[in-house]
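To keep things simple, chains are lettered A, B, C and D as they appear, and every chain counts its residues starting from 1.
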Amino acid sequence: MTASSPSHWSSAVSDITPEDVYVRGYPIQSLMGSLPFSAITYLVVRSRLPTPGEARMMDIILSSILDYGLQKAGTVAARAVVSVNPQMTAGLGAGVLAAGENAMSPEQAGRFISDTCKSWKQSGQPMEAASKQLVSELRAAGRRVPGFGHPVFRGVDPRAEKLRIAAVETGVWGEANEWYAAIHAAFRAATNKPDLVLNDVGMLAGIMTQMGFTPQEMAGIAILSTFPGLIAHISEELRSGVRNRIIADQNVDYARARHDLALDMKARGWSE
Amino acid sequence: MTASSPSHWSSAVSDITPEDVYVRGYPIQSLMGSLPFSAITYLVVRSRLPTPGEARMMDIILSSILDYGLQKAGTVAARAVVSVNPQMTAGLGAGVLAAGENAMSPEQAGRFISDTCKSWKQSGQPMEAASKQLVSELRAAGRRVPGFGHPVFRGVDPRAEKLRIAAVETGVWGEANEWYAAIHAAFRAATNKPDLVLNDVGMLAGIMTQMGFTPQEMAGIAILSTFPGLIAHISEELRSGVRNRIIADQNVDYARARHDLALDMKARGWSE
Amino acid sequence: MTASSPSHWSSAVSDITPEDVYVRGYPIQSLMGSLPFSAITYLVVRSRLPTPGEARMMDIILSSILDYGLQKAGTVAARAVVSVNPQMTAGLGAGVLAAGENAMSPEQAGRFISDTCKSWKQSGQPMEAASKQLVSELRAAGRRVPGFGHPVFRGVDPRAEKLRIAAVETGVWGEANEWYAAIHAAFRAATNKPDLVLNDVGMLAGIMTQMGFTPQEMAGIAILSTFPGLIAHISEELRSGVRNRIIADQNVDYARARHDLALDMKARGWSE
Amino acid sequence: MTASSPSHWSSAVSDITPEDVYVRGYPIQSLMGSLPFSAITYLVVRSRLPTPGEARMMDIILSSILDYGLQKAGTVAARAVVSVNPQMTAGLGAGVLAAGENAMSPEQAGRFISDTCKSWKQSGQPMEAASKQLVSELRAAGRRVPGFGHPVFRGVDPRAEKLRIAAVETGVWGEANEWYAAIHAAFRAATNKPDLVLNDVGMLAGIMTQMGFTPQEMAGIAILSTFPGLIAHISEELRSGVRNRIIADQNVDYARARHDLALDMKARGWSE
């Protein structure tokens, strides 16, 4: 049986003995209370202890998305589900599915940063020249750069700025961030949009790339940040007394076509 | 290793040989086209071939819920999810979670009917007397009877009536239905609500109890009925161009509290 | 508010009046029993009545996957979930998530067929020449063709053949199928693998492309085919008495690393 | 429109202004880095700032479950799903559904503790007498007490003990814990099982009851504790190269019935 046999499994996340559970090689009883949960999150996902700086950065990352009221599709989905099926797990199941290409996930930006950073380093080109060339290629191909732009903020996205400062202070800031910032500068110049921000999702992606997370792990961590909010919203919904969330008719355009079944069946060749 | 060992499995649903898949003992290639999908659904879940009457009843059951526009929480959840994460599977995953205690599921009614029917039969009492006694006990305990009442219909729920006629015509109608109808009559009399309907979910539950489905299987079959609608809504949403479904601010009461973090931390005992 | 406003919805799937629900413009009460569920599935997803041939093809499609014992990841996931959380909805939610790139979904093949078929038609080239050229381009780019090959079958996949015959007999077979068959022939010739089969997933994708389904809808319909099996497996699991499905230790390679937390924290810069 | 209208929403979790997001009344930018993520989790779910003691207790709670190798059904489900559909969100969606009645959730124990504690306080009885009476009633009714017993540990469950000490040290320990401990003592005495442990799930439930969480919120927090492990396992699975997790045939008892379709259809009344 090989490592990729579909009924044989390998894992280095944790293992169990009769006395304890070993998480990434550390007894869980020694972890509890010795390291903050955010540091343990880093350990569990990245498979090594963080430095205090990395642990602090991780904590700030986990605190950076949190919640977005009813302007977040995952919250709408989670609450709709429990209005009918009043189970915490069911609401959480729906809520975590609502992160992806269109919102709430640094995965696309993370993939862009790590892929282009790798190509640049293989090329041996200076950063500035390479970033300018990449931007011009992307624009020629009509491709957008994930992580740029914001509906409200111009110049600087304050949350992104806070993340950037934290990354510098905690010693996490590095090459991947510099590379992404260079693309940002090149993009601003090439499009003549000096106010276009590097937004919070882009900044998160850059920092997590530098911290060694894969793009898919970044999606998981972003969802983890919103998990307390999902719990709170589901709990709020369960207390609300609403049974079966719906969209009011005035907020829906229904086509309201009317057809005659017997007539149409005949026309389609259905005999009596 | 016993049957209930957590790493040993037993199954009678299907098994695979190099040449074919055997579904409940029949080669899948012989099933395809020989029986309608609704009959195969009965076979797969109930583990025996249906009669033509049972197959027809099954088909009508699967066609009896279908869709409910945007007045169905599962549709709202499914569309919200794919507005952010444009994957059919993600939308379906959220959609099927939205059936339960508060709507869309005959499970509660099915459990009520099969439990009370069993007790009645063990008691040896005549049906009418037993149903009257049960209703009076339920009312004394303040318990509602699942499957009774409707926001619009009085006297008869036309969809329930259509299901009832089909059950009689296909030879499915039986003791469980009679028992539930007796409870309905007793309840109408005891509450002096002669117009209270036995609704479509109640009728579905009664018919599926008679057909031998467990309450949990009934939930599954109700969701199966709505599956084509879920696919259609998700497809519609994916084409809509909406990115991130939200609830407009005018439809939300936000508490909008404002607190001072430094002050409150001090008050809670956090030192600088 | 425009059609793409994130809090305004449009739908043509169904709408509700006080008397009835109109599904694609037909009162649901007229649909129940007039058309088989598989024909209604076509109507709901494709938004028009099928011909009897299309309805029959749809029925055969829905009967063509069904179940695959414990050799299907979605079944493993669904049963694992309900072994801990004994809710039909929870099991179904997990089960429907397990279709995608690696198995159980005609989506990739459907996208390949519709994209390449469109390009071919725009090119004005004869089919044979175009398919040969496409195959040589794909091979040069190292891209695989979805829907070709099978672990067991050589020459012909019997289930695919059954689907093909049904598509011809029901009048559904058409240009998309011919185009995909031409690619298959060109691929067999170019790779000198005359026995390489066009498998059942590929055939399903070709037929559903011809029937006008989008690739994402094909994924939904494939999952719909497996839904009765999911219900049956979950029901079987709920009756099994197993609490918490696990993988037995002999089927897992655990890394079983052991580290000293105090030592490692010190090394990483954590002070006492 | 009332608070319980199914298309009107209320929320106190967070709200958004053009400049910032206010989470439970605090600007998110002020929260990031000022409080650890576990303290923010308490704030978001419980709607007030924790004391430093409560924050520390919360952190230890979040670090107390973490992971359980492949001996946890949710991990099996999550990995099975992504082996076919390689999306982080899909795996997380399946993973969070696997907590409930049979494992991984303090919800049942939490409900037991808060319900019985409330009844006791309304009764005005002394704690010891009340707990003895409750235990004798439960035993007469054949009801089990959630949170008692462990497959390995006798006398003391070391993880529960660690949680207990932390609750005392952080000032969280209180009446609900005393009440549950009294039931434990009464149960040990009544059943003559002096070694029966109060397990970690029971201890978690008692502590979280004391901290003011609802039973459903406890389920959410337990799942949150396992979230980093889910991310890590899904990431491990995505790297494994396995396509479609299955259960090997030697671990399954298949019924392998064989039937004749034509014969059985005839017997069931299907005409040619």
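Criterion: contacts are C-beta pairs under 8 Å (C-beta built on N, C-alpha and C of every residue); 3 or more make two chains touch, one makes a residue touch a chain.
Note that this is a predicted model, so its numbers are computed, not measured.
Novice: Once the contact rule is applied, which chains count as partners of both subunit A and subunit D?
Specialist: For subunit A paired with subunit D, the chains in contact with each are B, C, in label order.
Novice: Drop subunit B from the picture, leave everything else in place, and list the groups of chains that still touch each other.
Specialist: one piece
Novice: Which chain's mean C-alpha position is the greatest distance from subunit A's?
Specialist: For subunit A, the chain whose C-alpha mean is farthest off is B.
Novice: Any idea how many Å lie between the Cα centroids of subunit B and subunit D?
Specialist: Taking the mean C-alpha position of each chain, the two centres sit 26 Å apart.
Novice: Can you compute the centre-to-centre distance for subunit A and subunit B, using the mean CA position of each chain? Integer Å is fine.
Specialist: 33
Novice: Send over the residues of subunit B in touch with two or more other chains.
Specialist: Those would be 3, 7, 9-12, 15, 31, 35, 69-71, 83, 85, 87, 89-90, 93-94, 97-100, 243-248, 251-252, 254.
Novice: Which of the residues in subunit C come into contact with subunit A in the complex?
Specialist: Subunit C residues touching subunit A: 3, 7-12, 15, 22, 24-27, 30-31, 34-35, 49-53, 85, 87, 89-90, 93, 247, 251-259, 261, 264-265, 268-270.
Novice: Applying the document's contact rule, which stretches of subunit A touch subunit B when the two form their complex?
Specialist: 69-74, 76-78, 80-81, 83-87, 90, 93-94, 97-105, 243-248, 251-252, 254
Novice: Please give the residue numbers of subunit D that touch subunit A in the complex, ascending.
Specialist: 3-7, 9-16, 18-21, 23, 28-29, 31-33, 35-38, 40-41, 44-45, 47, 56, 59-60, 62-64, 66-71, 79, 83, 87-90, 92-94, 96-100, 105, 107, 152, 158-159, 162-163, 166, 214, 216-217, 219-221, 223-224, 227-236, 238, 240-248, 251
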